[in-house]
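Read through the structure below, which is laid out as structure tokens, and then see the notes.
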Amino acid sequence: MPTLHLTGPLGTSLSVEVPDERDMLTVLRRYGKSGWTSGEIPPGGLQLPLSMADLFDWTLIGARAYTTSDGEQAVMYRGQSYKRRELDEVDTKKLKLPKIVKYSRGARPTDPPHLKEGEEGGVQYVTLISFRGGGRVMDSYVDPAKQAESRA
Amino acid sequence: MPTLHLTGPLGTSLSVEVPDERDMLTVLRRYGKSGWTSGEIPPGGLQLPLSMADLFDWTLIGARAYTTSDGEQAVMYRGQSYKRRELDEVDTKKLKLPKIVKYSRGARPTDPPHLKEGEEGGVQYVTLISFRGGGRVMDSYVDPAKQAESRA
Amino acid sequence: MPTLHLTGPLGTSLSVEVPDERDMLTVLRRYGKSGWTSGEIPPGGLQLPLSMADLFDWTLIGARAYTTSDGEQAVMYRGQSYKRRELDEVDTKKLKLPKIVKYSRGARPTDPPHLKEGEEGGVQYVTLISFRGGGRVMDSYVDPAKQAESRA
Amino acid sequence: MPTLHLTGPLGTSLSVEVPDERDMLTVLRRYGKSGWTSGEIPPGGLQLPLSMADLFDWTLIGARAYTTSDGEQAVMYRGQSYKRRELDEVDTKKLKLPKIVKYSRGARPTDPPHLKEGEEGGVQYVTLISFRGGGRVMDSYVDPAKQAESRA
Amino acid sequence: MPTLHLTGPLGTSLSVEVPDERDMLTVLRRYGKSGWTSGEIPPGGLQLPLSMADLFDWTLIGARAYTTSDGEQAVMYRGQSYKRRELDEVDTKKLKLPKIVKYSRGARPTDPPHLKEGEEGGVQYVTLISFRGGGRVMDSYVDPAKQAESRA
């Protein structure tokens, strides 16, 4: 039987069996709602197509979207808050950059060095996830509530 | 059957099955009373709401609260002592800081660099847990004895 | 029953049983097609014989070959793109170097230092796989579609 | 069934089931006699009460006590030799230090930095275990042969 | 049932059950012949008695002995070649060093720092295994073919 390996809000390490493999994402979502995550976010953050930026189901990684007191969109992941940043497309003769939506936070002294982006000595940050590129919507990663909205 | 992964006081690595998932915290508490922990405390320490500062059940992470010979409140976790520090709320025109209760200890030369907080060359410390913010009491993490007290 | 340990595109950590050991590579390929990988690429990258350079089945490591918009051959592995580079044989009186085909990418600030090759301060890169040396074709690692081609 | 995770003298990674949880330490001792260990010694070394210094059962961590050719007491752990050092109690007006018995070795270039104690550039060492403080004898960790001796 | 944790030539992470514990080394040898290894070589390399230098069964760690084109004895382990070096006994008034047989290779830029021996900036190397000291032949680690030879 497939077995998911999970980390809880207190750091607890737990393995749970998934009776039917087709239910794996369901189990991940159920635990994710209580802040449990599976595995590690890779250094530099996850990468998903831009089309997922407003559809991604945060419970799949044990995260939770919320709006800060300043009205900013953010995501809480393992006790840290990551803010949404939108980098507009640049399309000039000199420079071509695609549109990117990313969730990142300022680096903390206790972050391992290889997670920190930006110049040493300057402002450094840690990226949770970047949405970029022309890939299609990945249905299995879509938040059911958002899908309903986007279809309405 | 869910399986908890534990580390013992001698570093022993053990996995134990939890017959019913609802008993997971009970099993964690039972092992925690003998100093067994599950998983790792994340760099920078755990984060719980301030309302949990006097209610948290330390056995959930294999820790034990005690009073030092100087009368200070402390917690023993994996052979290291972490002292309770209370950072009062600051609410001036210049600075707004919430009340924080944290358990931390002075850094040791053998601590991995990414666990050490404070300036390099200056005083550095390692945080086990911070209680901050307005979250509600998390019933499942409350020490039964303390809950009884707080309701008395 | 043998158990494969896998990492998914969101970092998800999953173990799956392989009913018959002879099916292990089949299971690895099936998950690899959806971007799941097993274990870690060793620092410095994988090493296979040169004869495998055009036959290797990328699904065995959860990677996917594609052609960039510039017409270059590349491989997508865990959200990163690695370009094919061919180093021709050098056979002069002064220097003898064998032909090498490697897939590598420029280093990113978030790569752990021990993955980065090339001089610090200069151009650094990360190698996914090198094909070099006179070893025989490893049948079990060959992409069935490519094998058919190469025999046609 | 509880499962112990072990590392063998060749680095082999093995998990073994413990039929009855009460037999866990017995299984640990049986493997430990052949140099198998479970888990990792934490950075800075294990901490046990001073009362255990002459009673600890080294097989619980896969170590073996012996006397060097110079007549010194030492312990062999994972291919490295740790010597017994006794730090006497200091009780002056200026300084109060408890008695400590520790097993340590000189640092090697291949030791990860966070295991090395002492000043960088000066003499550095790695501690396996420290016996200090007034805790009671932990019966389950006592070497049966030594217990018999100490009671004789 | 005991379970062995293995790493394959492509980095694949696999666990296999060993029906009878007495067959553990047999299973290790069978996988080792195809380049599978279990666990990690400790920093600084494995340590075995000198009496094992010509008898050790390399398949136990997934390695393979061969002779280089220059006629040197070497061992291939996880895609890297380690050469045999013999350090003769030194027995003068000034210095006493035992005979050592070791297999090592030059350090590569992608080796983690704590694996590299020798002075930083100078020649650095990585040791796979050292045979030294007066220990007895460990029968269970002997290559059956070599044992037959040595007895002939």
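We just call them A, B, C, D and E in the order they show up, numbering each chain from 1.
Just so it is clear, contacts are C-beta pairs under 8 Å (C-beta built on N, C-alpha and C of every residue); 3 or more make two chains touch, one makes a residue touch a chain.
To keep track of the chains, here are their UniProt names: A, B, C, D, E = Single-stranded DNA-binding protein.
As the structure is a computational prediction, the values presented were derived from the model and not from experiment.
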Once the contact rule is applied, which chains count as partners of both chain B and chain C? A
Joint neighbours (chain A and chain B) are none
Any idea if chain B and chain D meet via the same residues, over half in common, or different ones? different
Could you grab the centroid distance between chain A and chain C? Build each centroid from C-alpha atoms only and quote it in angstrom. 26
For chain B versus chain E, what separation do you get between their C-alpha means, in angstrom? 42
What positions in chain D touch 2 or more of the other chains? 15
Mind sorting the chains in ring order for me, with chain B at the start and chain D directly after? B, D, E, C, A
State the interface residues of chain C toward chain A in the complex, per the touch definition above. 7-17, 78-79, 108-113
Interfacial residue positions of chain C with respect to chain E in the complex: 1-5, 15, 21, 24, 28, 37-44, 46-47, 60-61, 114-118, 141
